[in-house]
Amino acid sequence: MTGPERMTDYGRLIVRGEDRPGIVANVSGVLTEFGANIVSLDQSSSDPSGGRFFQRTVFHLDDLPARIGRLNDVLEQRLADRLGLDFRLVEAKRRKRVAMFVSKADHCLLDLLWRQRRGELHMTVPMVVSNHPDLGEEVRQFDIPFFHVPVDKDSKAAAEKEQLNLLKGNVDLLVLARYMQILSGGFLEELGVPVINIHHSFLPAFMGAGPYQRAKERGVKLVGATAHYVTEDLDEGPIIEQDVIRVSHRESVRDLQRRGADVERLVLSRAVSWHCDDRVIRDGNSTVVF
Amino acid sequence: MTGPERMTDYGRLIVRGEDRPGIVANVSGVLTEFGANIVSLDQSSSDPSGGRFFQRTVFHLDDLPARIGRLNDVLEQRLADRLGLDFRLVEAKRRKRVAMFVSKADHCLLDLLWRQRRGELHMTVPMVVSNHPDLGEEVRQFDIPFFHVPVDKDSKAAAEKEQLNLLKGNVDLLVLARYMQILSGGFLEELGVPVINIHHSFLPAFMGAGPYQRAKERGVKLVGATAHYVTEDLDEGPIIEQDVIRVSHRESVRDLQRRGADVERLVLSRAVSWHCDDRVIRDGNSTVVF
Amino acid sequence: MTGPERMTDYGRLIVRGEDRPGIVANVSGVLTEFGANIVSLDQSSSDPSGGRFFQRTVFHLDDLPARIGRLNDVLEQRLADRLGLDFRLVEAKRRKRVAMFVSKADHCLLDLLWRQRRGELHMTVPMVVSNHPDLGEEVRQFDIPFFHVPVDKDSKAAAEKEQLNLLKGNVDLLVLARYMQILSGGFLEELGVPVINIHHSFLPAFMGAGPYQRAKERGVKLVGATAHYVTEDLDEGPIIEQDVIRVSHRESVRDLQRRGADVERLVLSRAVSWHCDDRVIRDGNSTVVF
Amino acid sequence: MTGPERMTDYGRLIVRGEDRPGIVANVSGVLTEFGANIVSLDQSSSDPSGGRFFQRTVFHLDDLPARIGRLNDVLEQRLADRLGLDFRLVEAKRRKRVAMFVSKADHCLLDLLWRQRRGELHMTVPMVVSNHPDLGEEVRQFDIPFFHVPVDKDSKAAAEKEQLNLLKGNVDLLVLARYMQILSGGFLEELGVPVINIHHSFLPAFMGAGPYQRAKERGVKLVGATAHYVTEDLDEGPIIEQDVIRVSHRESVRDLQRRGADVERLVLSRAVSWHCDDRVIRDGNSTVVF
């Protein structure tokens, strides 16, 4: 969402935990005590009894930057200590720092950078890292640093170390914008920030090599894309967004790939935008998207 | 939404009014005082400063039927009197009574009755009224009363009177499931319950007679439908739901109408379902759909 | 497609085989010699050199019923003998006889019967067969015979024999409208007519038991359906049509199933309609849909 | 469509005219006489009797560049003279020269240039012309000439003359990629090549000023775009392609515009691609898209 919600003195409070009576009242009570005005509030429970609780609240509070520390302390006491809830409090104005990993395909990367430049995405892009040098010039035209970190089977551990050196402390989110290397579990753990990936999807799935060729061979009528958080199980993390585009027997395998590219960049840009606005809450291997 | 939210001891509270600080806290405070557990809460503001406020809260409260009167009194005091807000408090278990007006086309009507029978829609259907006798047998197979009220130019006022006699006090919602007569402003006012209509839609619109023929003549690639609340301005009321379906030059005018029928019944059924679950809040000539 | 294409004196010619120069000229040459007027012609090659050739031609020929035998003979000579092509020549007016197998879920069946009754589908329905008695009354209201053939692990072979006795010679197509039993390879071979199945689909697929539950657990945002020809590999036959519908975390597992039912009946009805109009040509494990 | 169909020795033949028996046989007969192999053929009639006939044929003919002149002569005789048909014969390899007019919004333009660079669109871009200087640097990074031709009320006639000087003889298609000036009927006539425009679309239409604001006020749930050929009646020409994207009350007017921009660039790129591959045939104020 755009507009005032990304401006000074607006805050976002994300709450997650075991559902129990009174959470909404507690949260809104604290905000009201501070004189905050709730601008929007979305709440959901996975199951009314004994389920999980999720809430995203956007509020306006005069002089938020000076008071957010104190608000955080009170929430710590009232939500975390007393009710055992996880919470995250952020200034809406603060842009997330989003690094991107790419290989050779440019469609997802350029779409994100172009949306970023025209103000659609509430983020900064401190760097783009690639295992190939090809997209360097393109990236630098956006005044964004580009780092080439080659990866091969033998150098993978060293490459991940180099990538971590670049990223650690500098980013709040890593986006795999068609990055064709698998990240190790160790890398993900060490990195410590969320990672979003985009990959093609079909109904039904065509696992393994050459999915477009095999999809063509079975006459699929839809080509799709899925954006998800990366977990150690490749392509199995919580889904943030999906969409499809219609195809027919007229499309060649290469055409299917192009249609796939169109839907990939749309889906990835939505997922990144929603993440940057704290609209996506992870729930085990699922997500709640407000 | 299905499931527990439609069961005993669940309630829905819809709040609407001028936005101001503290509304969410007030609402959730009252519910917490009563010992209610908030199951889901959606809130939205048309504009963070000086805008309109909308909230839908689903809650569980032990022994709700016995206590809803007292809860209503307190909300009257705290929300209506003090904060100047409109509110509606309903027992989720209570099914809305939904009458339908039809003419000769059966696709929207049958789809609703069939969904009703299989338990998708949280409503009862006290009657179907038509200006033609054609669908009587079909309707009665669902054990629903069918009333034939002929309408022609001269008898319109009398027919509306007869329709009002049938409806008044017996229905909470009137659905125009392809009813090809215009209802007078007086009828709408006298009836006093919301009316939902479905009509075909194109991009761009083809106003006036023969829209499918004219859409065909301009080569439209999408056929759509819009479900909206009926106001005195025909086909101009607040939109509840819309959707489209793809067509091509291969489809004849008659094919376009059939595709249109498919999307009409899908869109109307969603709109009716959402209305029955109090998920649609009117806001002037717009809607908020939670 | 509706309209004249289903009327007297209209024919359809489906041609399939190895691509080679001159096929279109040969086909249209024969039709022209007979004085036929080509109403529509769709042609496609899987690969311009050394690929497979597909063509669907709709034509008008005065006095077709009397002349179709002779036309068939000439095509046999010119297309089959000389060019080694498969062809099928049908009178467009002739409705395909379509039997349906169902279990307990009624949504796909009723949608087909309802569309059939209103004239959307160019077919007759000689019978509905079910392994449960539940839908008998419903089916018979459409004046269609309903046969209950129970199936359990021990009786499966006997049941298939009974089913074959009912079907053999009486049907041109079998539709599995949510029939929850697996048909044996022997049954398919013995039956000798195409079989269309509908099943839910996700991106990615959730194989095995409880797909909706598992889709929910991973937070899918789309629920889909796939209509395909049945081969011995369950759920792996050539795809005819697919579509999806959007869902969110708000939908329960049961809601997902209902949304799935909506898209299943739309997709199945399109597949059956296209098959009945000879618009679907099988190509190995794929299809060409004209 | 990509692949061989855009290569040397492939040709496209577009035929249009009054329907009558034997056209397909005549066309394929001529091609066969020349030894051409028909790769794909799509044919359609607006009405089987007395309607309009449309056909697109892609064929392979050895040594096409040397023989296309002779083929054209024979078609002139056999299709135009004898049967009174319009036809167009083109070498598939030849890229159409596509100029673009823009104002300040860059989304449609950049999407086309980016697709062009990655080889999706079978065209060249000899120039981009704008009434504002803003996008010059961007365009020139693609090695494409950019011409700034200011337009105001008084200078409009002079500006159109200057535009015509730039375009005449140099382009096969003009694309209005969010060009916010109306072109005069005289300009269109003088230019003499097709012009494609993209504009936002809603169901129903919101005519006049501020469509997004007014769409928001009525609570629209879909935002769309329409690509069409430009005729003297502004925004009323034959439709080539349309699509929509879902929105809700959560989206601000500015969000609606952004969603609209996403669908605009998808729809425009499809329309341009199809036009460049000669897949769109105009039929009065409608189109046939093969």
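For clarity, chains are labelled A, B, C and D in written order, and residue numbers in each chain start from 1.
Please note the rule applied: a contact is a pair of C-beta atoms (placed from the backbone, for glycine too) under 8 Å apart; a residue touches a chain by one contact, two chains touch by 3 or more.
Keep in mind that what you see is a predicted model, and the values were worked out from it rather than measured.
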Far-end chain from chain C, centres as C-alpha averages: A
Rounded Å distance between chain A and chain B, as computed from the means of their C-alpha atoms: 36
Centre-to-centre distance between chain D and chain B (centres being mean Cα positions), rounded to whole Å: 41
Multi-chain contact residues (two or more partners), chain D: 44, 250
Arrangement of touching chains [line / ring / star / complete / other]: complete
Chain B to chain C touching residues, read off their complex: 1-3, 106-107, 110, 114, 118, 120, 141, 250-252, 254-255, 258, 262, 266
Of chain B, residues touching chain A in the complex: 4-5, 10, 19-25, 28-29, 31-32, 35-45, 48-49, 55, 60, 246
For the chain B and chain D complex, residues of the former touching the latter: 44, 201-205, 216-222, 224, 226, 235-236, 238-244, 248-250, 283-289
